[in-house]
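Next up, some structures in structure tokens.
Below, chain A partners chain B and then partners chain C, in two separate complexes.
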Partner chain A sequence: MEILDKLINVALIAATLRTTAPILLVALGGSFTTKAGIFNIGLEGQMLVGAFFAVLGSIGTGSAFAGVACGVAAALVFALVFAILVVSFKANEVVVGLALNILAGGMTISLMKAIFGTRGSIVGHGIVGLPKVQLPGARDLLGSWAPLISGFTPLVYVAFIAVPLLVLCYNRTRLGLYIRVVGEKPEAAEALGISITRVRYTASLLCGLLAGLAGAHLSLGYITMFTENMSSGRGFMAVAILIFSNGDPLKVLAGCLLFGFADAFSLRLQTFGYPSYLVLTVPYVVALIALFALSYRARPRVIAETLESMRKLLSVDKSAEPGGKNPQ
Partner chain B sequence: MLSNTPGSPTLHSTAAMAVELTGITKRFGAFVANDGIDLAVRRGEIHAIIGENGAGKTTLMNILFGLLQPDEGSIRLNGEEIVIADPSVAIKAGLGMVHQHFKLVPSLSVADNVFLGMEIRRHGLIDHAAQVARTRELSKRFGLQVDPTERVGLLSVGIEQRIEILKVLVRGARTIILDEPTAVLTPQESRELFQTLRSFVAEGMTVIFISHHLEEVMDVSDTVTVLRNGRKVATRPTAELSKDELVRMMVGREVSFDRRPRASLHGDVVLEVKDLWARDDRLLPALRDASFTVRSGEVVGIAGVAGNGQTELAEVLSGLRPASHGVAWLKGQNLTALSPATIREAGLAHVPGDRMVRGVDRNASISANILMGRQHRAPWSRGGVLNWSAIGKNAETLIKDFDIRARGSGDAVKRLSGGNIQKVVLAREFTNGADFLLIDQPTRGVDIGAQEAIHDEIMRQRAAGRAILLISVQLDELAALADRILVMFNGRIMGEVAGDDADEERIGMMMAGVAAPEFATETAR
Partner chain C sequence: MKDHLRAVSGQIIAIGVALLMGAIIILMVGESPVRVFMTLLRGAFGDQEKIAGTLLQTTPILICGVAACIGLRGGMFNVGIEGQLFLGGFAAAWVGFAIPLPTGIHTLAALALAVAAGAAWVAIPAYFRARYNTNEVVSTILSNYVAVLLTSYFTIFLFKRPGGWSETPPILATSYLPEIFTFSRLNWGLVIGLVLAVGAALVFRYTKWGYGVTMVGSAPKFAEYGGVNVKRQGFLVLLLSGAVGGLAGGVETLGVHHRFMEGFAPGFGFDGLIAALLANGSPVATIFTALFFGALRNGSLLLEVDTSASREIITVIQALIILSVSAQVLVRKRGDSQAGERRWKF
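Our next item is the complex of A and B:
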């Protein structure tokens, strides 16, 4: 099992955490809108403009953190437009989300062409990437396991720290509670004088904030460059995870880790010379299997009840015909 | 937080009247919902507001609570004139309203729901423990039994109402308005509610409740105000009133609530249901092991609190929902295997529980609605072409026969009142020659005058030898019409009561699932 040893080791787990971070950030952002009752399919676009403007800001100011701020600001603008259209003007959230995604894709390409005169990708130009954070004492404490907690870029830490913060937010803060109420029972919120509009705007902007961070992590985290359609479906994967987790931070984390692991694993497989097209499908195959497993969970209950009623039928009256109408 | 309401009435004025409405008028377009209504509610009394549907009760209370603004008139609370611009003003002034439809958040705990919008916080975080303790204290004080830590989604409607009341109390209400509070409760739950209301009054609070149930108004209120067609008929001490007088004031004429006279004419079995099971939309068993028969010339009533399997039973019998298993023979034909159309051909007439969804096409004319389901038959159509003159003539006749108040057969159904829409459904269903009538909530949202007419029609159908299954949540309706009453709880038929000795107490126990203790443990879903 040498191959397995080579495949699964500390480096793989560290890589998993790294690949999980962007999708976790964007999915946690989406958690706010999901909980507030908005189906936000525009995560992908917010992430993409975040990535692009982070690079732009980094080049302009020469500071990675100013770059992150630019990325976040751009994503917030997108989130605000989304909120204005969906919350205030009650436009269809899927249509608006898709439109903004398409806008994000087209806009980044046009701006790339206008500013850098190239298509495809921006590399160099003095992009400053985010520094890696070496936690002092990590090596003493964990020895060879140190890469699990040390040496990541700051946004990886932000992503994982955000999970318990969101749990706390939903359970113990007024804002979190109101977000849940607005999503679950808007009539109740209205009756109690909670402004649905204000809560949904807040949730949308919080979502934009985290999606912008996710984008900045993509372009300034481990690779310092921007490429066309850089988010490559992570926003949509986040939407899928949100649907199945119902926006619960811990379930979101689990879903993202699964996807991140599959992602890291496929990268790892590539270095072993497996055909890359096949290997690149791994995360999506994993996602499909997970979704199937989740939807399968509801079935045993139905089966148990069928058994209950069948028993009844067999024991009471043999002459009564079952009617042949079992819904299964 | 209980005592911090600025306008706390007991601190300020000494006026005897908790609420005084003067000359309240509210128009919706040309329709006058409230016409110059005066209402005075003494502090410390239970004041019932009674009237038929559409009499203006809810409108008046919505005005008092600031949900609507009156076109004319003024409001005084504890002697002080006040403009109630929105509910927050009303709440500050010590008013609280328990609406007919509860507004609770299922995934939150009872205490979280009670304190929603006014959370107790410590260091910026919500203090769940303090909220639970406060809720427990209040629920003890007023006998409103709830477990503050339980999730609301798992609780019954009766308990949800208690939570709504707690919500109002925790906001410091001294005058509590309840809109048809007993509509969703079992008789036992209603009695508990009334005890709670009395305990409020004992503490010097004031209760206003809207109702159209005569019995409970007679039982529980100190004063009654009767509204009719948007006007006040009278305000009288309950003790001075008899039930008959009250009804006369409500409708402006005599109405009997007594059991309809009948001759016994039970004939052959028309419907036989055996071991019938069905699932609800979440695939959980909703109808469990139902067995009963309906004979021709017999009205079999199904009693139960809404949502205990009656809907599923009706849907299975009409072919709208598959049975998990079991059989239902309609004149010897097993209808669980048939489509709705075939079942109707086989002799079913169905008056659905929700007439606007399954009873009528609200945008179509009366003629078209009466035609539905027989459009392919002569004389209504020939060679695939509809014969509108025959259809219209038939509709005109039925409009007369069933006393449908409309301008003509071309009127869109949505222009009619609830009672008249129901009569359109009856006119269609009762004239297609079916032997078995499945009648679900025939008088829901129908005024008393129309109720009488509908009951008369059902009794005529019975006399004509039809087999009738009458599903209703109103016990008095079942007691008046049914020969036998089956009581459903949690999908099961708990027992049977003969119509002649229908006894609210016994039926109520069964409706609450008490009659058969071996099933009581299954109530939690």
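Our next item is the complex of A and C:
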């Protein structure tokens, strides 16, 4: 019991929130593209360039927030390229996503060598990290539980506040509705006169924005340094979460908390002397198990949905043809 | 035939565009593109040894490329070749140092276990892909991370060479893949790769099974009505792809390193996938794209010595090539507006 006590306590929960934030940000970004019907495997790369350019910006301007802006801008450029190729040129989204990830990896290492003359990592050089936010009154309110809501870097709060905002966006705003329609029933969107291209571009760019924030949080908030491939598969885990949550913000949050916990728990296990190589596999194994287990459970639903959509497709084909020629 | 010519010329234009964009990035990192490209060329083909080195780098890319082709033909993205390569490499090394066997048989046994390890590693994602339609791209990518960490654990905690640094004991000489020349480590692995590529092409072209695989990849409904068991086929395709990925690792261990070490073949799996994509899923064309990427890789070794650019600049160029190939609709939009959608849907 004592070991359990040492493993699970307030510090662990706070650590979970901290490790959840980057994956939550990037997964919420991916939620936009998932809802808009795009399979975005390029999250990893967007996150990585976000992290790198956030560090560059922070060094260049001496301000952490300007650094975050730089990181977001870089991720947006990647998201834009992704959108141009996938939406406008209708290229294969898996291929483009993977290529952009590879590009991000090679580019950040090349630029790191060119600018800092080093391989591996950027530490020091005057990187300004994001400040920790101490909420006033947290200690009075919660006592020893205060670390649960206070003392995080700003983007942790942004990540968790974004969840209800996304719920509102999908349920209460025109943009959210358009994104869902485009993803679920592109034919219907077209019939309603919604520009699929424009909605998908918007979704991709919103995704880039959040992925950039996730990257900036990794290199300026979570720790204050950049290392080669520092996103280390978080973007791919986010995609796994998106697959089984179907992009619903609350389910995304639940999935991300699971991974955040696995991450924090494995860091904790390392201090108990378990071999680090095995401990480091924990988050990936959890992701794989979740992916497989939930797809097994979703089996009847998948079959039902396939039949349903085929039936609908057949009936839509018949009824939509006269309407299609004569919109409105 | 004209289509074929157009496809090849389109690919070459895309490579040209990518090299141009690569030149801009090289300028951005403060090097002269001409110098970088000349160094790459010199590093890849400068003399006899350099050419052999290029072929040595081509070997794993080619075998991984064939693995990727098998998957792509059957409509499967095996992005886990990297992980299968690592496990295959470790499995071959284990047979090599732990089980004494006569020459020849030893090599074959090690390669067989490498193949089995690669197939076993992809079996679970393949099963769930075939049975429950679980996205194989994500599951195989995530399993890469596990494979790399797991082989590192085996190497460092279970089978470390006494006094060595994160490597297994050397394999016994009976399990070596024989070298072709005396002046290079180039070995029969290249021949294995070439035979595999041609063999795969023949299977796809002339056998009923190969035709079924291609049909499942390009028109699954048609294949199903034609009597192909699509689920079983998909499972087998991924398993075969993983097996070849494992073989690539075995060849790399037995032919080049003669031991397993941490990070022993970084990126070959991804290079193979890119080579297969650039070759449009054709195993024979993969021979040439693998040679191209092998040359880039070997050239990049000299790049670090002779210029201030880092060798990852070739990764950038590879990614740009794939991006411009997928944007090829730009070039041929006039004739065929569906080209982008059809690309890589075999």
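Before moving on, here are some points about what is shown:
We adopt the following convention: the second predicted complex is superposed on the first by the 295 of 328 C-alpha atoms of A that agree within 3 Å, B and C clash if a C-alpha of one lies under 4 Å from a C-alpha of the other, contacts with A are read in each partner's own complex, and residues count from 1 in each chain.
Definition applied: a contact is a pair of C-beta atoms (placed from the backbone, for glycine too) under 8 Å apart; a residue touches a chain by one contact, two chains touch by 3 or more.
Treat the numbers as computed from the prediction; the structure is a model and nothing was measured.
Using the contact criterion defined above for the overlaid structures, shared-chain residue A:Ala211 touches neither chain B nor chain C, since it reaches no partner. Look at A:Leu43: by the touch rule set out above, it reaches neither chain B nor chain C. Of the two partner chains placed by the overlay, only chain C lies in contact with A:Lys113; chain B stays clear of it. Of the two partner chains, chain B is the only one touched by A:Ala191; chain C is not. Touching more residues of chain A than its counterpart among chain B and chain C is C. Touch criterion not met for A:Val72: it reaches neither chain B nor chain C.
Residue contacts after overlaying the shared chain place A:Val94 against chain C, while chain B stays out of touching range. Of the two partner chains, chain C is the only one touched by A:Ile243; chain B is not. Touch criterion not met for A:Leu17: it reaches neither chain B nor chain C.
In the superposition on chain A, the residues of chain A contacted by chain B and by chain C overlap at 302.
By the touch rule above, chain A contacts chain B in their complex via residues 168, 171-174, 177, 180-181, 184-185, 187-188, 191-194, 301-302, 305-306, 308-310, 312-313, 316-317, 320-327. The touching residues of chain A, counted against chain C in their complex, run 39, 41, 81, 84-85, 89-92, 94-96, 98-100, 102-103, 105-107, 109-114, 119, 232-233, 236-237, 239-240, 243, 275, 277-278, 280-281, 284-285, 287-288, 291-292, 295-296, 298-299, 302. Only residues 87-88, 99, 101, 103-108, 112-113, 116-117, 119, 121, 124-126, 128, 274-275, 277, 279, 283-285, 289, 322-327, 334, 336-337 of chain B touch chain A when the two sit together in their complex. Within the complex formed with chain A, the chain C residues making contact are 25, 28-31, 77, 79, 124, 128, 132-135, 137-139, 141-143, 145-146, 149-150, 152-153, 156-157, 270, 273-274, 277, 308-310, 312-316, 318-320, 322-323, 326-327, 329-330, 340-341, 343-345.
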